[in-house]
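By letter and in written order, the chains are A, B, C and D; residue numbering begins at 1 in each of them.
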Amino acid sequence: MIRVTVWNEYSHELRKEKVAAIYPKGIHGAIADGIAGPDFRIRTATLAEPEHGLTDEVLADTDVLIWWGHRSHEEVDDAIVDKVCARVLDGMGFIALHSSHYSKVFRKLMGTSCSLLWRVADEKERLWVVNPAHPIAQGVGRFFELEQEEMYGEFFDIPEPEELIFLSWFQGGEVFRSGCTFRRGRGKIFYFRPGHETYPTFQNSNVLRVISNGVKWAAPEPGLDAFGEWPSPAPALEPVPNEKKKG
Amino acid sequence: MIRVTVWNEYSHELRKEKVAAIYPKGIHGAIADGIAGPDFRIRTATLAEPEHGLTDEVLADTDVLIWWGHRSHEEVDDAIVDKVCARVLDGMGFIALHSSHYSKVFRKLMGTSCSLLWRVADEKERLWVVNPAHPIAQGVGRFFELEQEEMYGEFFDIPEPEELIFLSWFQGGEVFRSGCTFRRGRGKIFYFRPGHETYPTFQNSNVLRVISNGVKWAAPEPGLDAFGEWPSPAPALEPVPNEKKKG
Amino acid sequence: MIRVTVWNEYSHELRKEKVAAIYPKGIHGAIADGIAGPDFRIRTATLAEPEHGLTDEVLADTDVLIWWGHRSHEEVDDAIVDKVCARVLDGMGFIALHSSHYSKVFRKLMGTSCSLLWRVADEKERLWVVNPAHPIAQGVGRFFELEQEEMYGEFFDIPEPEELIFLSWFQGGEVFRSGCTFRRGRGKIFYFRPGHETYPTFQNSNVLRVISNGVKWAAPEPGLDAFGEWPSPAPALEPVPNEKKKG
Amino acid sequence: MIRVTVWNEYSHELRKEKVAAIYPKGIHGAIADGIAGPDFRIRTATLAEPEHGLTDEVLADTDVLIWWGHRSHEEVDDAIVDKVCARVLDGMGFIALHSSHYSKVFRKLMGTSCSLLWRVADEKERLWVVNPAHPIAQGVGRFFELEQEEMYGEFFDIPEPEELIFLSWFQGGEVFRSGCTFRRGRGKIFYFRPGHETYPTFQNSNVLRVISNGVKWAAPEPGLDAFGEWPSPAPALEPVPNEKKKG
């Protein structure tokens, strides 16, 4: 049983009728419903809740945190950002969706600007699989399409992904590294591009399938806690000239 | 249920009493016994069998192939090598143990000489985990030791591993990239260093744990076959100037 | 001074008027002329020459080998392929252009099928830079276009590139990893996608700029020979229990 | 001509006679003298200077910044840290030496804790080359030794290095990834392990050679500025349904 928390700033849905019509339960609700299944225990959390819904108890009880943010990145409290990043380094999986490339959490974990090109023009996106053996790529075939999406284009200013899983083709002429994995500390991170709030992307079965695959991939290994801490100065395992020396 | 085939040249055990005393059922037998469990259906195969025990039927019925070879690499038939490599590209996992760095299969999949330094001097090896979140590293702590092993030293002439999991320290002064993963086609490959035939390495619980972890990691994803073939010339998905043109 | 050899099968140019009209001196001639400059000493070699023009003397006198092949891959002698690959492992740079993804040399160095999708339909290709700091990407801006090219599409069955430099967008709806680097042994390899024989791609200034950048990047470092050989069994650098033991 | 700035907290040298005896001109002075040559124009900067010696003018006039810090990481002003990181993302090379793994700049660029094991026991370190073709590895042979150094051990909590160049063996039984490269934005980063203040490491010719190689590797490419900015919303390069839409 993987403990999943879906975090959403839940801001557009409350301000724009068009978005509310697509996501009446919020983007978090759509994702939670869309990936529900016997392997997951899912809760949601939003910006307006105390501590943004990400209390120490919730974070400790989360194996994988899914994040969607856009217009309200700056309203996320730095202390919460630090806690989330620390939990990732400690083993919690983190899935950053779409405009969360600019979230404080993702940028802090990447160390780069995470900037990119964008355009909202109702254009077609086609996501191609470039790593067919990867667990996240299973079940979507060689490619899948989204009839209308926001465009994100290169250069996407991220560290070199450890694994590249999807590349997007956009009708307007751009390409994008749309599915990327990173490890930070003991935690696994998956960035997945689609999901502009004015399109029903989180009702698309392929998108939901990828997010669900991502949760399974990012969940910490059962044995992870056994890795343990180690003291420094580290006791020598073999004879050394002068171990008692002060550091 | 993962279908595992443990392949061994089974040559030292039949020629040297010392090796036979350590591995009375052969190295293949020790590995098969050592990783046995409810998740695996295990068979073995050896060089002397017809087609080296790797018939089309066996290969088609294998999810992960474990390989141990040393003195008899050149006796492995090129046609079998080609079949094994083709199965790996098609999705079968492949685990190359110790001196199998010089096996025809591994070298063909790597494209390099796979040369390294070596020395047999009953020295200590200590394997350090450098990727604690990786499934293959679970359950062995921060490091584990083998009291006596053959030394393998850098430069190990392999392509840059996609994931580096273990680094070895040797008593005689060398280091080695001892746990490395690679993807080739749709297949996953894990190289794991320990396992000289004159030491009881394949009775070590940490070594067996790593091999067992490796099998689970290398097993093909259930959805893999759905990736499917695609024709070329590929039909255009969007309008192009001159699709009927001859290639 | 970098010693460059441009190899071409020189087959289409002698058989098809259209190709001969674009490349009257052959594709090798166009590349040699196009990248000429004070830093390079350039020669060419073709399939029909004795030993395909790649004698031991020529290979020993080559820092970077550029390769273009398409219809005649199978006519390249395996002994020459082995020599070229050995020279790459020994430090010679190798630049595989376009349909050379299927050349014997490239496939042997990769260990995979190197298959891909293709289509010849006079469509537009746009190459986006995804690694702006890389020396190979300098001087072409954020992207550049080729008005008409053959399409190559994913999945491109290569090992994960060590560095990804260009991604292509195609008019017909596909994407492709168009600029990829790999290290094999002590040699550097650059795969660059464009260059179908029926288009004047090797007269395009951006394409020539990238190839020229690639030559500079792939040239062996001056100190490379000093890396040297090392004996095995390797003498221990620290005390070990039993160095005189027989391996 | 590469413009190099060597930054040192310059703290131990002023407080401990033993360190001052080894580095009478400071660690920065030793490095500046040790790598001096016709290709470099070198200045130094230290913590106690106004803006730590890293004014906007100095940063704008720096191609590669070398950093050594240890006991005074927390005294480095966050505003300067932000400026240094921004310059790296913009193309300035950054070389982090030894205990600078814990510097604010390096940690911010990595996004991880950068923790490791350590011990000061006058023990031997041996650095092995694992990427012989890399420009940073030239001129030091297969390995080199430092008779006495501080030990750093795994797990080193960094993102997976893009290139791994050196692995260290320590007398006391540990190993370490001692030479690692990363790209962040348009800047290149090299982490190099040796350099504890109580040993004459920065007088060792191999260490100086590696740092000098690192500066050449990390210097921005001449054409880098031409990469340029790009507006968003990005004008479509091909027809899209609804370009004038508000984002």
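To be clear about the criterion, a residue touches a chain if its C-beta (ideal position, glycine included) is under 8 Å from a C-beta of that chain, and two chains touch if they have at least 3 such contacts.
These figures come from a predicted structure and were not determined experimentally.
Student: If you average the Cα atoms per chain, which one ends up farthest from chain B?
Tutor: Most distant chain from chain B: D.
Student: Quick check: more C-beta contact pairs in A-D or A-C?
Tutor: The greater number of contacts lies at A-D.
Student: What is the distance, in whole Å, between the centres of chain A and chain B, each centre taken as the mean of its C-alpha atoms?
Tutor: Roughly 32 Å, centre to centre.
Student: In whole angstrom, how far does the Cα centroid of chain A sit from the Cα centroid of chain D?
Tutor: Roughly 29 Å, centre to centre.
Student: Averaged over CA atoms, how far is the centre of chain A from the centre of chain C? Could you give it in whole Å?
Tutor: Centre-to-centre distance between chain A and chain C: 36 Å.
Student: Any chance you could list the residues of chain B touching two or more other chains?
Tutor: 126, 129, 131-132, 142, 153, 155, 160, 162-163, 171, 173-174, 183, 185, 227, 230, 237-238 - these are the residues of chain B that touch more than one other chain.
Student: Enumerate the contact residues on chain A facing chain C in the complex.
Tutor: 126, 128-132, 142, 153-156, 160, 163-164, 167-170, 173-175, 177
Student: If we count contacts the way the header does, which residues on chain B are in touch with chain C in the complex?
Tutor: On the chain B side, the touching residues are 85, 89, 108-113, 116-123, 148, 150-151, 153, 155, 157, 159-160, 162, 171-174, 182-185, 227, 230, 232-243, 245-247.
Student: Under the definition above, what is the set of chain A residues touching chain B in their complex?
Tutor: Within the complex, chain A contacts chain B at residues 91, 126, 129, 131-135, 138-139, 141-142, 162-163, 171, 183, 185-188, 220-224, 226-228, 230, 237-238.
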